[in-house]
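I've put the structures underneath this note.
Presented sequentially are two complexes of chain A, the first with chain B as partner and the second with chain C.
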Partner chain A sequence: MQLELRNVSKKVGKSFHISNVSLLFEPGALNILLGPTLSGKTTLMRLMAGLDQPTAGTVHFSGKDVTGVKVQKRNAAMVYQQFINYPNLTVFENIASPLRIAKIGKTEIKERVDKVASLLKLENMLGRNPNELSGGQQQRTAIARALVKGADLVLLDEPLANLDYKLREELREELPRIFAETGAIFVYATTEPSEALLLGGRTATLHEGQVTQFGSTIDVFTKPNNLITARTLSDPPLNTLPVVKLNGRMLYKSHVEIPLIGKLPQLPDDNYTIAFRPHNLYLNRRKNTDIRVKAKVAITEITGSESYIHTDVAGVRWVLLASGVHKFGINETIDIFLDPDTFYVFDRNESLVVMPETVAGV
Partner chain B sequence: MIEKQVNQKAWFMVLPVFLLVAFSAIIPLMTVVNYAFQDTFGSNQFYWVGLDWFKEIIHSERFHDAFFRQVAFSAIILTIEIPLGVAIALAMPKKGWGVPVCLISMALPLLIPWNVVGTIWQIFARVDIGLLGHTLTQLGINYNYTQDPVAAWITIIVMDVWHWTSLVVLLSYAGLSSIPDVYYQAAKIDGASKISIFRYIQLPKMQRVLLIAVLLRFMDSFMIYTEPFVITGGGPGNSTTFMSIDLVKMAIGQFDLGPAAAMSLLYFLVILLLSWVFYTVMSNIGEESSNGGV
Partner chain C sequence: MRWKWTIPAIYIIFILVPIYWLVNMSLKTNAEILSVFSLWPQDLTFANYMVIFTDPSWYSGYINSMIYVSINVVISVCFALPAAYAFSRYTFVGDKHLFFWLLTNRMAPPAVFALPFFQLYSSIGLFDTHIAVALAHCLFNLPLAVWILEGFMSGIPKEIDETAFVDGYSWPRFFVKIFIPNIASGIGVTAFFCFMFSWVELLLARTLTAVNAKPISAIMTRTVSASGLDWGVLSAAGVLTIVPGALVIWFVRNHIAKGFALGRV
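Right after this comes the complex of A and B.
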């Protein structure tokens, strides 16, 4: 059992919502579609479910071409951002509804509903109506409804986006266990890089209807093929710096010099983009090769255990993530340090040419 | 202890409204009450009669007939207009140029003054010059609303359906458009049939607007006056003499102010009671399905 998209495109009017996407999903694993709003996640899911037909390309299930097959015959289930339940049916009847449509016997329905209800911790809620439940429980009911029919493909379209922080964390922790217990192919769409990383599994990063990279989530995070992928799977946002390498020197705006260490000397003369993560920007010198830069503080966000210091450095906005509480005044000038060992370098086509030493070794 | 400041200014703000309501509602109502408990033989001489007028009205066959005609009329109107309105709303397009076209053509009957609606149908249904009446007669159907009570009822019911179903349609359509598209998508993935989509998604989501529609249509149909007055004048015989027409006949036609006052108070109490029943049912069911789902 596999789900494969081969060169799938979806054109609406004159614009491509999805262009030339090829993906192969294995069962049992959690597959994440990560991308900002309007990057094509929902469109892609609708194509996988069979709610829409692709303009070009084919969808294969277990090797069989199912491109033209209607959604009712695909054995797919979907969970949405909104909590979609039948408003005047009890939780039990809600979960049982796909089984009733499939004309399954009473005793088996009870058995299967009870099983999935205990998996989602809904045992004590079965007699209630959805409007008597919290948002988290309503979404659990919707997930239970998707799982109960034993679908081969379960699509989750930002299922946690409408939940408050606490419930989201609670359900997110449970999801990998729930996914592991059912053998289906799970596809999970999210806009949040941290959610993708917390859930693990495999991630496909989407940008303007195209898959920019697909692989295990950690790999995509540590070894992004290109700048767009790196930006998509990075929260807080990646810090970048456009530089020019010329005659053995690397310069930003022809006056800030970047010392050529590690793999940087081997790069041919050209335009590059240096990128590094907020936690690789430091408030004090750690190595001799660190570069000291004068930065003006724009704003400091303190979460308690960490501080996000937004700084302006010669016209670019960088975010520095430091542990603990740091208080700086607005417009205060501070010294910050860059570690060239942590640099990702992308060429003029935004493809990765140099990755940090620590990552390359893994 | 701090003395709580009482702001007396509010009373002055309320006073104009109070005066207005007093002159437009309370004083006329009290006049009616005054007539209901007294008898007069002209020259402003009044005699206290207690509940006599009420007893007379309650025991009069005329009142019973008008009341049952009224109840039957409202029941027929509700059983036709509510399902028809919902069906039309379901059939209406969800997007595209058809939406404004449908909405505007639906709203048109609601914009026509009631007596004009009555006049339109009065002429439309006439056997000699009316398009409907003449055509039916030509087809050999015995239709004459001025002579046949059944024809008169059918005319008034068809007119009311034509005039007011739009209201139910517009309310139901508003209820339907508040259902997010994902509900239909989810039902489609579940493989639910059109009937179960209606039964388990659309109907529960429309419940509250539908109850408002029922309440409005009930009150309006129960108080119908203008259209039957224009079309049939309550005839033939008394067959379309609904409660308000009967009341006006009694008060203005016969100038029996005492019984008419008693009857109008009873009429008012009946509407109040039935509306209260509808409202209670509405808010009870509303509470059950409020804050539900999305």
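Right after this comes the complex of A and C.
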């Protein structure tokens, strides 16, 4: 049992919502579609569910071409960002409805609903109507309905996005355990890189309707093949610096010199983009190879345990993530330090050419 | 601001005066109506109502009206449901123009259609039948029903439909089991509006009927006998004509504002 998309494209009018996507999903694993809004996550899910048909390419399930098969015959389940339940039915009937359609016996329905309800902590809500529940309980009901019929494919389209912070944390912790118990193919769409990393599993990064990389979430995070993937799976945003290497010197805007350390000397002369994560930008020198830069503070966001310091350095905006509380005035000039060992370097085609020592060693 | 209630009170009294006067007259004798000015019946009588409930030429009018209004409500709602669903869920070539064109039917005066309907129904033998009036009233009730229902349907997220299809519901089953219960109040309001417009419509109903399907409103306007107008009986008939509308309004009172906004609140 596996779900395969082969060169799938979806064109609406003249614009491609999905262009030439090939993906292979294995059962029992959590697959994450990560990308900003309008990157095509929902469209891709609708194609997998059979709610829409691709304009080109095919969808295969367990090796069988199911491209034109009606949604009712797909044995899929879907959970939306909005809490979608049948308002006219009780929570019990909501969860039971796919089983009633499948003409399953009364006692078995009761058994299966009770089981999935206890898994999602809805035992005491079964007699109520969905609009008498809190947002989190409504979404649990929707997830329960998706799980109860034992679908081969469960699609979750930003299921936690409309929940408040605490409920989101709570459900996010429970989801991997629930997924592990069912053994279906799970596809989970999210816009948040941190959510992808917290859930683990495998991640496909989407950008403007194209999959830029697909692999285990940690791999995609540590070894992004290209700049777009690195940007997509980075929160807070990735810091970048466009540079030119010429005659053994590496320059930004032809006057700021970057010392050639680590693998940088081996690169041929060309245009490059240096990228590094906010937690690899420091407020004090840690190694003697660190590069010191004068930066102007734009704004400081303090979360309590961490501070995000947004700085302007020679016309580029970098974010520095430091632990603890740091207070800087707006427009204050401070020294910040870069560690060349943490640099990702992308070539003029935005493909990865150098990755950090720490990652390469693993 | 001690007197702030006075203006609304005056307004309400102003509106209620004709209705009160109608009830007042219906409980008087013709002699009293024509001879003295009295604010309430001096000689209270229910004889006028008894005339209507016992004389077939009167009560058959109510029955006829009820029959064609009911047929019209059923036809309008049943045909408007799938049409409104299509307008609310699908995009097709010219959908917006077609939708607006529907409403323009509502704007045409019924008098325009009285002649073609009369000739058409006469030639195919539908003249003076209940179904004839019911079908004629669909001309303006069906577009209205589509508009109101479309508004209510668009308030139901499309994701509910899709979730149902993913869950395995076929379209007809989803429509009956999930969708219709969710827009039940909308259907109620639609039925009320169809009822109301069909109930008060006079011109088409009178043109398309002679004896067998003659509506109460037509009977009321023709009751001039040799002895002059029978004021008391006419007033009683008027009161009885208001009652069904008032009853139906009571049932949909909580949803009616949304209905007037064509479901778009």
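Please note the rule applied: the second predicted complex is superposed on the first by the 362 of 362 C-alpha atoms of A that agree within 3 Å, B and C clash if a C-alpha of one lies under 4 Å from a C-alpha of the other, contacts with A are read in each partner's own complex, and residues count from 1 in each chain.
The definition used in the following text is that a residue touches a chain if its C-beta (ideal position, glycine included) is under 8 Å from a C-beta of that chain, and two chains touch if they have at least 3 such contacts.
Since this is a predicted model, take the numbers as computed values, not measurements.
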Exercise. Overlaying on chain A: chain B and chain C, fit or clash?
Worked result: clash
Exercise. Of the two partner chains, chain B (first) and chain C (second), which one does A:L38 touch, if any: first, second, both, or neither?
Worked result: neither
Exercise. Who does A:A77 touch here: chain B (first), chain C (second), both, or neither?
Worked result: both
For this session: In the overlay, answer first, second, both or neither for which of chain B and chain C A:I101 touches.
Result: both
For this session: Give one of first, second, both or neither to describe whether A:N131 is in contact with chain B, with chain C, with both, or with none.
Result: first
Exercise. Taking the superposition as given, does A:N88 touch the first partner, chain B, the second, chain C, both, or neither?
Worked result: both
For this session: Using the touch definition from the top, say if A:V12 reaches chain B (first), chain C (second), both or neither.
Result: neither
Problem set entry | chain A residues contacted in one complex by chain B, in the other by chain C | 49, 51, 71-72, 76-78, 80, 82, 84, 86-89, 97-98, 101-102, 145
Exercise. In the complex of these two chains, what residues of chain B are touching chain A?
Worked result: 180, 182-183, 185-186, 188-193, 196, 200-201, 204-205, 288-294
For this session: Mind listing the chain C positions that touch chain A in their complex?
Result: 157, 159-160, 162-170, 173, 178, 181-182
Problem set entry | Sites on chain A touched by chain C in the complex | 49, 51, 71-72, 74, 76-78, 80, 82, 84, 86-89, 97-98, 101-102, 142, 145, 149
Exercise. Can you name the residues of chain A that touch chain B in the complex?
Worked result: 49, 51, 71-72, 76-78, 80, 82-89, 97-98, 101-102, 129-131, 138, 145
